[in-house]
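Naming follows writing order (A, B and C), and every chain is counted from residue 1.
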Amino acid sequence: MRHLIDSTDLSVAEIDRVLNLADDIIRDPAAYAECCRGKILATLFYEPSTRTRLSFEAAMLRLGGKVEGFSSASSSSVSKGETVADTVRVVGSYADIIAMRHNKEGAPRVASMYSPVPIINAGDGGHQHPTQTLTDLLTIRSLKGKLSGFTIGLCGDLKYGRTVHSLAKALSRYEGVRFIFISPEELQIPRHIITEVLEPSHQDYREVRSLEEVIGELDVLYMTRIQQERFLDMAEYERLKDVYVLDPAKMALAKPDMIVLHPLPRVNEITPEVDNDPRACYFKQVKFGMYVRMALILTLLGVKNQLAPVRAEEPDCVPEPPVCKNPACITTIETGLKQRFIYTDDTHAHCKCFYCEHDA
Amino acid sequence: MRHLIDSTDLSVAEIDRVLNLADDIIRDPAAYAECCRGKILATLFYEPSTRTRLSFEAAMLRLGGKVEGFSSASSSSVSKGETVADTVRVVGSYADIIAMRHNKEGAPRVASMYSPVPIINAGDGGHQHPTQTLTDLLTIRSLKGKLSGFTIGLCGDLKYGRTVHSLAKALSRYEGVRFIFISPEELQIPRHIITEVLEPSHQDYREVRSLEEVIGELDVLYMTRIQQERFLDMAEYERLKDVYVLDPAKMALAKPDMIVLHPLPRVNEITPEVDNDPRACYFKQVKFGMYVRMALILTLLGVKNQLAPVRAEEPDCVPEPPVCKNPACITTIETGLKQRFIYTDDTHAHCKCFYCEHDA
Amino acid sequence: MRHLIDSTDLSVAEIDRVLNLADDIIRDPAAYAECCRGKILATLFYEPSTRTRLSFEAAMLRLGGKVEGFSSASSSSVSKGETVADTVRVVGSYADIIAMRHNKEGAPRVASMYSPVPIINAGDGGHQHPTQTLTDLLTIRSLKGKLSGFTIGLCGDLKYGRTVHSLAKALSRYEGVRFIFISPEELQIPRHIITEVLEPSHQDYREVRSLEEVIGELDVLYMTRIQQERFLDMAEYERLKDVYVLDPAKMALAKPDMIVLHPLPRVNEITPEVDNDPRACYFKQVKFGMYVRMALILTLLGVKNQLAPVRAEEPDCVPEPPVCKNPACITTIETGLKQRFIYTDDTHAHCKCFYCEHDA
């Protein structure tokens, strides 16, 4: 049995097969309308994320399957002292597959260790959101025809934006992707993405402060929200946010076949006037998100497109692990869960939490 | 593509076809049990309204369709800064039709301007609730055999009760309906309903203070709740509420074939003893509500009973519109939404907000 | 039409038929996958109980039926002044069967008096939770092969634990069940269970303070949670809780074929190490819970296994009933509901509330 917890849990070849299946569903959705008949998806959303939840549910319903679950911890009693480990064993008795959203980082990983059914990480804190990454890959491949040999600009909050980190990781596995990171200095892409992801994969990258100066080079512009709450100084926020707002004036500088993506919700980082530009593809992206989730569900259930049962060897664990210092780590609340750290290099000089991936 | 935002969005002929279709469903529900196979209804309820939501969901499920959505803004993340315009474009990528309940008046109208799929207004603040009106029409037509030539008493809070206003509007399009408005002076029917609806349609109407004095004349008695919170003076509330409570003593004065309707929930304006009276039809009305929603969904999806694609010309807009003064108007929260006022008379002397219909 | 409000609403013979049907579903679930096609279950959960709700929903979905409802009063508007009596008449117009969870004791009983469709009590305060009892019976019968002639230890909070009371009642209807009640003195089994249930049925029972001293005798160990909030003295709680924690050391003293059950959620009364012991059956129990709910739904809907329409005569009511003193009784909030007390003995010396079963 396979799970999808981290966007690199699937190999490049496996991702290609998922995207191919999504293509096939798009071409002939009727052929898939009864594929999951008799199957149940449980959506366990410990924090609300309505778009993601509805996307998963629509995906399962359009495959002829059924759905149950909860949409927030407050309308649920699962949080009352029950561990994630117990909850997934209970819900895994009812459902055939589980999509889990959790505010604690690593919670879906823990779930996958105990669940009798496949677990899909639907977002865990600021850590991972692998189905957003699959969505982005399918959208780019469908609209640009390829996942290699193009220039992508990633704009906005690149420090905290997990979708940007995951997408950078995912695209660095393909050839000849040029990355341009567009952000204020305070919100620039973390160094570890540079040193652990981009440099080892020999990808070309550049960091700039202005969207206007590079928009003309881009094949794909990936916009993200700059969250006001990230700023200590409101004047700084007010000054910066406009530099990164996409509007018709900036669009006029872009290539005629550039595509604009955004993980949504957008607040004001793209003005409504841009919506009518044919290059604005963020609402199309939403629909690709549903299709790729259909393909993923079919794959993990083994209905179509079966994956090899085991992909990777067990990670090399630190014998006497420290206590994870990340306050958002699942180890801070899951009773009975032991600390577990894995080495991140061959020399065993560095290690990170197995669950939330924070450094020791 | 057609939406149902206002109870007059459908012409009398179109309403007749919806009601006829509902009749047919009632006669042979099995014939419709798979009509919406593969279709998804999204119920976007920004405020809880359990009866209405469950009615819509049962309607779709009994047509063989499927349902997803949210039941309150608190269990949803859609309210987090995302506009209604964006939300319906996202959800319209997953679902085939959307039922929206919103605390802001005009929100479903805004939704209909951006949605790729039909929008049904499931209640927007104190403004409109058109499927309740369709329910009332189907109930009266089914139980009395006609929608013209009868006397209806509307009793209770006629000032704030949107169901009463909508029903008065809807019935005034039929012939020979006699209206008796029964309410305390503080809660009497608004003047604009008299001058803009009843007088132009030449309907007979009367306003009275006592239910007892007119109940014997009625073919239909439409009860509504008198909400305690409408009164500044509690003694006044206590004095008045009993005058409008329907009990067996008052029922004894009514015709043997009068029917009693109520949009529910009732609190204490109808005593439980009346429930066993065969003239008490408010629980039957609930069931008609489900059937008329089935007919409406089939109609708006174009599965049965297709509507003409465009019904009316664009309204005549005020060139330099004022800012809407209604604090419950959707324009107060929807970023990027421009003020829009339309003329309510040929002389362009008066105008109202296009969204919430409040006067300028 | 039959309801399931109290675990003794079904006769022993009727329970056997429900359990037999559950067995048959377990053997061949595919044969039942479309049995409830076109039927709707409404889950009315006035308080959250995620495990129970998802179990009911999965049961209905695996029968080919559909589900609607609400998961907490806060995401619902039903609590706004509407009586349970009205709510079930409304929801019973949409759905074919209703599962109700309510914080007030006796609410499902009231529902059953007005509902046009079968009501299943999914837990009412500290009163009854009959589908948990059916789950326990199916689990024991499936894993031990019988419901008579065995020794069961019930451990933990026996005073407030309604599952223990209901299970004791249910098992006392079978032959030769030996009960060992294992609890601190403060939380021992209530006297009325002894005098009204065990003694009339001539069952062998014993009360002890230590799990270790009796675990070797048990065929079934039924663990329950000791809730911290039951204790006034935290030191007392700390001292006692460990005496009743099941761990590998205690398991080493038990029979090789003993089974461990728990209604879940567990907090720390069973250590995670026990989970891997083949005698730990509490997660299997969860799955039996889903199957027995499938059998129950089929039975109450009359799809399979029809029940006799009327089972018992009307209870003998107290002519001038007192006011129920239980603050959790449904009579404290349901407007229009009259007090009703029934005699509990032939001499009419004692009576209890018809709804919540509290003594006068």
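FYI, a contact is a pair of C-beta atoms (placed from the backbone, for glycine too) under 8 Å apart; a residue touches a chain by one contact, two chains touch by 3 or more.
According to UniProt, the chain labels map to these proteins: A, B, C = Aspartate carbamoyltransferase.
Values in this document were obtained by computation on a predicted structure and should not be read as measured data.
Undergrad: Validating interface symmetry: for the copies chain B and chain C, is the fraction of residue numbers used by both over half? Same or different.
TA: different
Undergrad: How far, in degrees, do you have to turn chain A to put its CA atoms on top of chain B, rounded to the nearest 5?
TA: Fitting chain A to chain B on C-alpha positions yields an angle of 120 degrees.
Undergrad: In whole angstrom, what separates the CA-based centres of chain B and chain C?
TA: Roughly 42 Å separates the two chain centres.
Undergrad: Could you say which residues in chain C touch two or more other chains, in rising order?
TA: Residues 74-75.
Undergrad: Along chain C, where are the residues that touch chain B in the complex?
TA: Going by the criterion above, the answer is residues 38, 40, 42, 66, 68-70, 74-78, 80-82, 85-86, 89-91, 93-95, 335-336.
Undergrad: Contact residues on chain A for chain B in the complex?
TA: 30, 33, 47-51, 54-55, 57-58, 61-62, 67, 71-72, 74-75, 264-268, 271-272, 283, 286-287, 290
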